[in-house]
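In what comes next, chain A is part of two complexes: it sits with chain B in the first one and with chain C in the second one.
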Partner chain A sequence: MIAEAAPAPPSSPYAGLAPAPGTGSARSWWHVVRFVARHGLLRWVALGICLINAGVLTMRGAPWRGDLTWLIDFVPIGLLAVGPVVAGAAALDMARFGEGARHVEGMRFWRSPAAAVTYAYTIVAGGAYVLTIVVGAAVVPPVHVDRFAWLAVLAQVLMLALFTAVGTLLGRAVSAVLAGILAAVAVLALVFLTSSRVESGVALLYAGGSLVPRVGRGFDGGYLAVQALLLAAMVTACLVIRPGIARAGRIRAAECAVVLTAGSLVVVAGQAGPDDRLARTNARPTDCAPVAGVTVCMFPEHRRVAGEVRRELGVVLEAARTHGYAALVPARVEEASASYSPGGPGTAAIRVEAELEGQAPSDEGLVLGLVEPTHCTPWDLPVAEAAVSGAELSEEYFADLDRLVGTWLALVDPDAVVAGAGDPGPPLLAPQEAARVMEQFRTCTYDFLAGPG
Partner chain B sequence: MMLSLREVEATAGRFQLGPVSAELGTGVTALLGANGAGKSTLMKVMVGVLPARRGSVTVRSGASGEYSRPGYLPQDFDAPRNTPVADYLGFVGWCRASRSRPVTDEEIHGVLGAVGLSDRARSPFGRLSGGMRRRVGVAQAMLGAPAVMVLDEPTVGLDPVQRSDLRALVVDLARERAVIVSTHLAEDVAAVADRVLILADGRQVFAGTTAELAARGGASTVSSETVERGFLAVVRAEGTP
Partner chain C sequence: MTGAPTRLPLTVWVLLRATGWLSTLPLLALAAAITLIFPDGEISRLGPFPLMPTLRVLVIVPVLLGVAVGVAHATARTPVVFRNGRVLGARAISYAVTSALAAAIVLLGTSVGPDVAAGASIRNLLLMSGLCAGTAALAGVVYAFVPGVLAFAAAVLSGPGESDWTPWALLFRESASGAQLVVASAVAVAGVGLAVLDPRSPGYLRDRGLHAVVGPPGVSSGRADHRPGVRGGRRGAGRRPGR
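Right, the complex of A and B next:
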């Protein structure tokens, strides 16, 4: 027997190896997650994800606050940095952990060293990713939780799983350092190629990454489900590919089928899948309060800037009343969104966007929103249809719009209109003329189009 | 327990292995050959790390003849330097385990005890001596109680006492399973092997019992000297030094 054995040795050295049902804890997947987290680069990767996401979340004054859908779509701006970090580290860990365990790769692919690294990264790195979203949501608790928000987050976590799986694939094929570099470059290329919205079908890594408010839009469950399925299939394909490892013919055939199916799914869904990741909700603003005698309704997601906007809007509305332009003042003001365009007799619109980034509400932006007739037909025309018909907004319309806006701004601040480099600006409209144009805009009776040709 | 090789041929770079045919049952089979004869290549084929170009490798265990993945000590076994030994064995054990045959903490400590490393369970792999690392490699090959174990030069780097202990362990393991051991040392063969498979330039040149090999050298008893004479007689008869 070997002399160094500390405990009293059994009669046979192999006696201790017999299965001992009911005694001791079996090595579970949780053990390997802990193993990879403790002995690999995963802890640093998780920290890196938190730092990158924290940097992303504080960009542009954290405009997503209060809007969970936008928050979920804002965080992936960092995927361009997160992806290569995750893939490179996973490749290095795979190469290190797999160097003495290559012979167990040939077993079930879901219980291989590559699978262990993928599970660990998906859980820990994905957990760090989800944590930043949860912290972001806690900063300003969202008033509305999209019913498919979980699916959108799941798809993003599966993207991390795909980055990891690509890393483990290269970590099994080449040396550690080379694998790390190649994996980072490969994932960077993958993000560049497949993270943009496509005209039709599902883009594999399109996760929003948006600087535009999401109010008025919700997640499309069908799109996200297909995307999650594609990502899961691609992760499986990466784990199944084991170059140079012998398997039984039927197993190899099944694995080839998995890889081909995953590839086909990506191609088919990229052409024929659901088109839009976001669906129009047509939700109307519900946070209503009187401002200078006018009911002003805003989306509850923008509650944190509503006070400032209403205060400045009150100045604009009061200026019109005070100077005899009461006809410009609508009975009701509603916030517009990507899917809701308020308008019609007695109702005007405002748009809230720059204010979410911490900028003070601008009089020009508010006035433009109040007068611009975006609820009328020309704004509903699809771009392609307008191009075919040759119809476009007339110069007269733009001139009248300029005069109307200029007039109203002059009422608020007479110095503002003539401030432009000797340019006196458009001539101001008299109260009756302003009322006439405004009425035509509100009722969509203005001749907006220049006509074909 | 049985590992069957049928007309196995494989390619590793420019090296051609085979054909090799043998039925390796319970007991110790020594794989002998000069450097570059193809021992490690054949072992990789046995455990599936290298695909066979032709022929088949079959592993069966128990009366049911069900498939069992061999335990394997690679020639270049290595592990992450800063990882404690027991943790790494747990990682490999998870890969080898199944729902019906889990690898437990007791089993990990059992294999460490069997190779004399119980007191090194928490030591980082990088702080072990070459001989200890080799024994960790043997320990990981024992996880899951495989029906067939393939050990590529398990005694390399071990001192005489450790080598003797490891031989005893191999003999004990081989009571219930097929153990295939590659070695350059005739004394290892004489001490533990029931059968011998000799390769020369990738070709199988001998397959028989240790006593039959000794007889090729003109001896009727098995000892390190007679095994060595038998080995030389076989390879010289094949025209290989």
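Right, the complex of A and C next:
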């Protein structure tokens, strides 16, 4: 179609999908992309993608700023809206451009009108999509670039290509009046069925869509490579399906084989492929500074909120020290992540999440992070093992945790109501008692588990 | 065209067929099938996103029905040849029949689905019918689906809230307030009324199927192709497809 097709009938307004006479391959590609962009809905789709992604990126106070991995996983929240828009527009363009270009559909599929529309949408709509990510990254330049970030973005662009290919398939199969809505419904169904994370395997359209920080996790190259291959196979399958076009029997058989192979690959990879899109990096926080005599280390990705967190943390630590509870104050505080739970003698953790959405650091959140011993064994027990052993955290543990947190918060603000309206809250611990519980928590010598049964 | 074709008897069925009404059938059938298969279906998550509260399937089926109303008169915008009360009546019949069938499917859903708030379904049907029909009248029938897609996307991304006027509340909330119903009715009247008057489409080119509606040829000798996206007739040259 791109370089070899016979020109469309001169009367057809879509003669632009036929090649420019005497042009080479590269110019023909550019010619086709430019034609679809100029005469189709592609410009509006690109604008729509920019607007949708801009809306998504400003959700919840744009918490992804500074974390490129999270940014790449945050943008796909909008795929639910982008997908039907891309598919509907591509279907409509295909249905309209297909008029007068039907005679070239029988040639090699990668030169068919559907392929031309798919190329154009992938380049322009994909470009707009990538542009929003680049702009997002420029807002707060990331301190760390995952080595597979490009593969994650490529997989998302291929998802747009798949939406387009589904649209062109329906645009060839039904009239222009129905093509748009049916393509949008088909893509919604596809997203509904295949964009959730599966336990063991690759989900075709799972692109993250995460509202929780990604610090401590990185992209898994194997998962993303398999996902990209599956998406490319599905795009190919959509393009080779050409209803109503007469072709040689062996070509038809080969095309059926392509479709069956692509479908089988998706099913098999969904059952037996790599099962985790993100890998644990076990990265340690490296942005360290002294706060009230305590070394506080945070992840550099969260540098933009580090100042206010450290300021509030200083208030919490000073309150304990000035009221005679110096034993509660650790020598070092480190920020926890999805793959790193700091702890041990003299070390405590803090968690930074709501602060990234623009909320002020809460004393309760900071104190809970400092006290809760998530580095100890019970939190590392695999779920299956815990179920077999009947292990679960004891009532006494939760009572001591409540008392310790309540005591520390009362030191920070004696008027604060910790346990809720009308509830006097847990009785405060004396300094020695608080120090004993704290020490047991930090050294993991506390008897956390309730007995079986 | 040569020779005077035989004038077909004007029945509602002939009229509907001649004006592209059959395009609504797949959408109406899909909506009816979903209504009957998932009368108590709930969508608890869309892809990786949990929906809180869950989304009733019967509440969003009217989006499809609204698009069906939008494409009820699926004849391409064509040059001025003929315009009279019969043409306007033909359009009105197309939208009336489709709206009646869509309302019947919504009522079917309220009768087979347990605890379904009929108000929400009716609100969505009115709202989407008006938006889709209005879009079809102003931009072209092939764009009738765009409000449906955009409204759904906006509702998903906006999320639940207290206000009655967020996209989520207007499309996904399981109960409809009186004010919402009034606004949705106004949108439906405006959109469908606009589509019936169809101010941007002054008339039809005469073609075989349309003789029953506009009478035998005599004014125009241009051959028309009423498929959306295909230029029809001499005076249509240069107009954008689907307009």
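The criterion applied here is as follows: the second predicted complex is superposed on the first by the 422 of 453 C-alpha atoms of A that agree within 3 Å, B and C clash if a C-alpha of one lies under 4 Å from a C-alpha of the other, contacts with A are read in each partner's own complex, and residues count from 1 in each chain.
Note that in this section a contact is a pair of C-beta atoms (placed from the backbone, for glycine too) under 8 Å apart; a residue touches a chain by one contact, two chains touch by 3 or more.
Please read all numbers here as calculations on a predicted model, not as lab measurements.
Once chain A of one complex is fitted onto chain A of the other, the partner contacts of A:346 are absent, as it touches neither chain B nor chain C.
Look at A:414: by the touch rule set out above, it reaches neither chain B nor chain C.
Look at A:52: by the touch rule set out above, it reaches chain C but stays clear of chain B.
In the superposed model, A:85 lies in contact with chain C only, and not with chain B.
After overlaying the two complexes on the shared chain, residue contacts for A:77 are found with chain C alone; chain B is out of touch.
In the superposed model, A:96 lies in contact with both chain B and chain C.
Within the superposed three-chain model, A:293 lies out of touch with both chain B and chain C [touch as defined at top]. On chain A, the patch touched by chain B and the patch touched by chain C overlap at residues 13, 96, 99. Those residues of chain B whose C-beta lies close enough to touch chain A in the complex are 45, 47-52, 57, 69, 72, 74, 77-80, 82-83, 87-88, 90-98, 101-111, 113-119, 135, 137, 140, 142, 145, 161-162, 165-166, 168-169, 172-173, 175-176.
Residues 13, 52, 55-56, 59, 77-81, 84-85, 88, 92, 95-96, 99, 174-182, 184-185, 188, 191-192, 195-197, 205-206, 208-210 of chain A touch chain C in their complex. Note for the complex: chain A touches chain B at residues 1-7, 9, 12-20, 23-29, 31-32, 35-36, 38-39, 96-97, 99-104, 106-107, 111-113, 116, 244-247.
Interface of chain C with chain A (complex): residues 20, 23, 26-27, 30, 43, 45-49, 64, 67, 71, 74, 141-146, 148-150, 152-154, 156-157, 227-231, 241-242.
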